[in-house]
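Scrolling down, you'll hit the structures one after another.
Shared between the two complexes below is chain A, which has chain B as its partner in the first and chain C in the second.
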Partner chain A sequence: MRTLSARSVLLGLAAPLGALLFAVLVCALILIVSGHSPVTAVDSLLTSASRPRTTVNSINSAIGYYLAAVAVAIGFRMKLFNIGVDGQYRLAAMLSAALAGAAFMESLPSFLRVTMTVVAAMLVGAVWAGIAALLKVTRGVSEVITTIMLNAIATNLVAYLLNPDRLAEAVPGSNNISTRPITEGGQVPGIAIPGSTSALFGLVFLAVAVGVGYWFLFGRTRLGFEIKATGLSESAAVASGVSVKKMVLLSMLLSGAVAGLIGLPQLLGSSHSYALDFPPGLGFIGIAVALLGRNHPIGMAFAALLWGFLDNSSTSLDIAGVPREIVLIMQGVIVLSVVVAYELVRRYRVRAEQRDVGRALAIQKSPEEVSV
Partner chain B sequence: MSGGLAVGQQTAPAARRSRLSPMTYALIALGALLVLSAVRVITGAGDLTSTGSVQAALTAAVPIAMAALAGLWAERAGVINIGLEGMMVLGTFGAGYAGYQWGPWAGVVFGLLLGVLGGLLHAVATVTFGVDHIISGVAINLLAPGAALFLSKQFFADAAGGGQKQSPRIQDAEKVSVPGLPDLLGSIEDKRWFFVSDLAGILRGLTTQVSLLTVLAAVLIAGSAFVLWKTPLGLRLRSCGEAPVAAESLGVNVYKYKYLAVTASGAFAGLGGAILAVTSGQFRDGQTGGRGFIGLAAMIFGNWRPGGLATGAGLFGYTDALALRGSLAVHALLLLLAIALVVVAVWQYREGAPVLSAVSAAIGVLFAWWYFTSDGIPPELVGAAPYVVTILVLALASQRLRAPRAVGEVYRRGEGK
Partner chain C sequence: MRRMRGVRLAAGLFALGIGLASCASDTQPGGDGGTSGAPAPSTVKVGLAYDIGGRGDQSFNDSAARGLDKAKSEFGVEVTELEAAQGETDAQKEDRLRQLAESGHNVIIAVGFAYEKALSAAAADYPEAKFAIIDSAAPEAANVANLTFAEHEGSFLVGVVAGLKSKTGNVGFIGGVNTPLIQKFEVGFEQGVKAVKPDATVQVKYLTQPPDFTGFNDPAKGTTAANGMLDAGADVIYPAAGGSGAGAFEAAKAKGAMGIGVDSDQYNLPALANVKDVIITSMVKNVDVAVYDFIKAVKDGQFKSGLQVYDLASGGVSFATSGGKIDDIVPQVEEYKEKIVSGEIQVKDTK
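What follows is the complex of A and B.
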């Protein structure tokens, strides 16, 4: 067990809280300069937060963000940057939506349909991430570059497949295009919340399960230990018999599989089809949330909730006359300042430890030794 | 990438021969042009070498080239900059803001300055605070579009001709032609002769109605090549990207050069965004559409060298332009790609890499098969071409690519090992 001293707890909290405070200050300043009242903004955000509907919507958004963060964090644990979570998510959501909506699925029992959709999404995500992993272990190509490229290719591929001639159909009464709607047997019913018109996504349990699985993998299994060890010191891991190539492949596939899940809560819970307006960019939000939550299963949950709350209450800002884009600025500032804050805290901690060691050694020495 | 895992990385072998001579490059270009004209004749896709295509390619290539140049400056000093996209967005807003009020050149300057701000932010995070370069870049990519949208609402919503997500119209920059040449080349182009007309078409595209912004971009690429490779400043800057600790021991102020490089990087990215906004007539939300990332791809394609990145940007701009000019030209691209892959296969075989050679040949045959069994490519897939090409280059020719040795590493003064 790690011992928790008051100092380490304080230092651990100092960075995220300090970054939040800094971001709030920066945004308040921007609002004042641009002629808006920060008080009105905070007031409307808080009023909106107290509505049950906003709370439910925030949690619903947070489910996707949390899954995205876990996908990113699996890579982060071994210094792999899976920038491609976004592409993996979109491709997986689109293809699994097409599968779940397909006509032949309608005769199958509901449980089987949902399971097949989930498995398909995980497979697609893993395959798309696997391309980057394969190029990394066979050709040494940086996964940052390949996943950026694969994101763009996924965008084009989704645009190609989401076409009335292929996997999609036009939505009646609009110029939107979507995959065939998933009928009731393939959906996951939401959980009704009193006082709110929108229901909590049923797949919230999937996110919890993924969180627990993530904790178990890195806290209790050999594979998780080896992934972490590789991330901390590649040469030490190699020396103790870890096959780094295998670890890269496994963690990238795992990360991609989780990335494949990101779109499912919304897909099976409320939208029931993949359309042109399916939210993009969740993979990048995942990076932000994983950073803010420090790859910790509970930390990321809090960060995801914060993100979900900011996104869903921002509409109330427009009503109050404050441009809601201030929330985007705030999120960006949070990410940037939280990583700076972690670095500053790390440096402070190193110095404090060195000081402690120095003090402990000085006490042990007798006065004669010191005078010599 | 030195910041991440070293697994699978291959160190480029020491150069066995001196760099290719200008003559060799000229021969390669000549060969490529011959292939291009042959494909034009075989497929009948006149757009492959028409003046209009070349002009459109040039316009599309310039913002990509500026983003690539921005990447070059940062990475040569050892800082990875995937915040290029965000800095370009800042540039587009700057151009929209100043452009509609005081003309295109004010827009260009203002976009550049906003890019500098983005670059400074990246420099503060990565150099002063030692934040991981990728993370800082991602954060800038989140921050910049939000900021641009906020500012656009603030300044353009009430302006005449503007909206919440777009600026009023900007006047385009002046265009120049080489006097006398267009008519002569035009008459040759119309003859449809093999090779000669193709050459004339391309030359006419490069000399007719060229925007001064394009000229500026060409000057900047050549200037960067000169500054980075022929001056003491450039040598020191590149030393920070290869071996910062060694540079430090020789008295180079590594922080200073990294700041300089990343700020310049922001300036070029901002300029790229500004040129994009000015040539398309206004600022629009989401206008950059991943060009920062394509720029990064062009830089890698060009092996971290100015001439190479210009070639990469030109190629990617060319695919962009063809995609807009009908399915016949795009279909011909498949055949071009197949031929290029077969050339790569032959070259790989001679380099002593039979496996890679077989892989490239197989992919080449696949593309050829696709060409002969279809009569067009869906337009949605054409947009993926630059990215697919980059992945193919990375996968098939990575033994010839060499990134700056210390790129991505966090450097702290006095903590060298």
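What follows is the complex of A and C.
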């Protein structure tokens, strides 16, 4: 039940915007105290925002962040904390890269190759998250613990597989170890943007589709409703005939499947192989983005874009003489203050609703009192 | 935070292999440089892009920074330093190099092999600017100099020191992260030990597996690994493990054993002052010299593209004698150095 009154919209925006404003103020203060000019910082941020290349790079980063946020948010909806998104996507990216680069794939039509890669990545992600889900439903082990441990296991598994004797090859002339490069038919071509040397990842549409699917699942389907209901109150869900174990399993598998997709835009759009320097850590960024975006499909998109923009503007700040670390400070302050802001807004909302109810009751009551 | 450091080292070692194959007998760095000297630019504006960790990492990046500082104070050139972030993509590295070129920097140095792809894309669009990449033989371009190091030759020499100084005939090698590139430190070291003590035992331990690069920045892991080796009879430890090496030196100090530094002359590093007594020598990798030479060359109109190997012969790698703990055996080590330089001893760079 969600009525879209002006107040609920305002309250919904208050926390993230308030946190953002607070973070900007804190950063300005830090810059002033450390002898840097906030004006220069803002100026160089604006300069980088107007550069097409930075905009494209920001969106490309945001695509991965958004997918990570959705993966985390699916767990959050069920009150499950899937910290293992990071390991799930790294393992999925590595194994699907090995599959996409394999020689036998080269004879297949491009569409089939990409589809197989995407499906393989989702399966790997789901299986890895499924281990934690199984342990939770059969043995009652907290998913927070198991997913963190599975991250470490994924790291070592990838290290074991990323070896010239197994799934990787040492490319002559390069100092990296990587999986076999994915040939053109297995790649997803980018979308050329005028004035930018980098192309927009073609898999931006995959991220949009995942966002729409996420909205549809939780807004329009019975499964989504049951997951949400179980997250809100397990006992109430059981009373109305929902199997909690099934919901835990399903939401973890879904979360893992989406996590498997996180590395693909970068893999199929730019890297074309999984190497030692494949970007790590997106799973943890996803947690921050999901928090900031309130698990909302559109909110998380804005949060991911903000994160992507901040990450990609740091070089401009550096060139302007503003320490790039200010970006990290800003991101950290946003995450901390957004949590506090949500709690403040929640309390305010509860009080406001109590007031409303009290007023409504008083209005209903008064005629009766008169008649008595 | 310094996840790519091992890769960097490894990259250099790999590049080395190629370099040695093509110019093993060169006495000067710059064997197969492509183009001849370009006219000196009227003003030199230097941009330096660090790898993760940046200035202040007590290691690789700091060495590049030393070279930059020297060039700055000697030539009065304008410099800009930019740092890499953790987990960034090639596009972000490329953007960094492009922004340097766009803001008028005509001498651009990329520190670390991770810049390979980014440099390949950026250098093509700025033919007027001169680029250098440390520790990578790729990419090849008319305006790119590839500055690489022969770490396995330096490791051979400290291996000789370890072999001569060990009383138990048992020495340890600690690699930060198990990459093919750090394995080349191991291979050179082991060959050096065996050259003077054929029956010696060389214990080998890598702290982490890629893509977990914490092995370069975790002194506790260094201590644990070193303790294991010391308990098993080793009395000399060579940690090629960046910041983790400090932990290994502490373990060595507690047990009265010896340690060998890496990258810098670690006896003289203020950060390691409390364990300097155990550091008998260091495998010095002169990234600062490479950076300084490159800036000077461009400034003087002597820019050369292509692979330039900083090896024993050119003084790009060496062994340190600070502290005077190996004064008695320096002549012997120098003898081996001569043999490597003359080609009489071929140091392997792969297992």
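Please note the rule applied: the second predicted complex is superposed on the first by the 356 of 372 C-alpha atoms of A that agree within 3 Å, B and C clash if a C-alpha of one lies under 4 Å from a C-alpha of the other, contacts with A are read in each partner's own complex, and residues count from 1 in each chain.
In this section, contacts are C-beta pairs under 8 Å (C-beta built on N, C-alpha and C of every residue); 3 or more make two chains touch, one makes a residue touch a chain.
Values in this document were obtained by computation on a predicted structure and should not be read as measured data.
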item	value
Simultaneous placement of chain C and chain B on chain A, clash or fit	clash
Chain B versus chain C as contact partner of A:279, first or second or both or neither	second
Which of chain B and chain C A:159 touches, first, second, both or neither	both
Partner chain(s) touched by A:130 [first = chain B, second = chain C, both, neither]	neither
Chain B versus chain C as contact partner of A:335, first or second or both or neither	first
Contacts of A:18 with chain B and chain C, given as first, second, both or neither	neither
Contacts of A:202 with chain B and chain C, given as first, second, both or neither	neither
Touched partner set for A:38, first chain B, second chain C, both or neither	neither
Greater residue coverage of chain A in the superposed arrangement, chain B or chain C	B
First (chain B), second (chain C), both or neither touched by A:185	neither
Chain B versus chain C as contact partner of A:53, first or second or both or neither	second
Colliding region between chain C and chain B, picked from 166-174, 220-228 or 400-408 after the shared-chain fit	166-174
Overlapping contact positions on chain A, where the chain C interface meets the chain B interface	155-156, 159-160
Residues on chain A engaged by chain B in the complex (per definition of touch)	30, 34, 78-81, 83, 135-146, 148-153, 155-157, 159-160, 163, 230, 234, 244-245, 248, 284, 287-288, 291, 323, 325-329, 331-333, 335-336, 339-340, 343-344
Touching residues (chain side chain C, partner chain A) in the complex	3-4, 7, 10-12, 14-15, 18, 80, 82-83, 85-92, 94-96, 98-100, 103, 113-114, 116, 121, 125, 135-138, 178-181, 209-212
Touching residues on chain B, where the partner in the complex is chain A	1, 3-10, 80, 82, 121, 125, 129-132, 134-136, 138-147, 149-150, 153-154, 290, 293-294, 296-297, 300, 378, 380-381, 383-384, 386-388, 390-391, 394-395, 398
Parts of chain A lying in touch with chain C, wherever the complex brings them together	53-54, 57, 60-61, 90, 155-156, 158-160, 162, 164, 170, 173-177, 197-198, 266, 270-271, 276-282, 311-312, 314-316, 318-319, 324
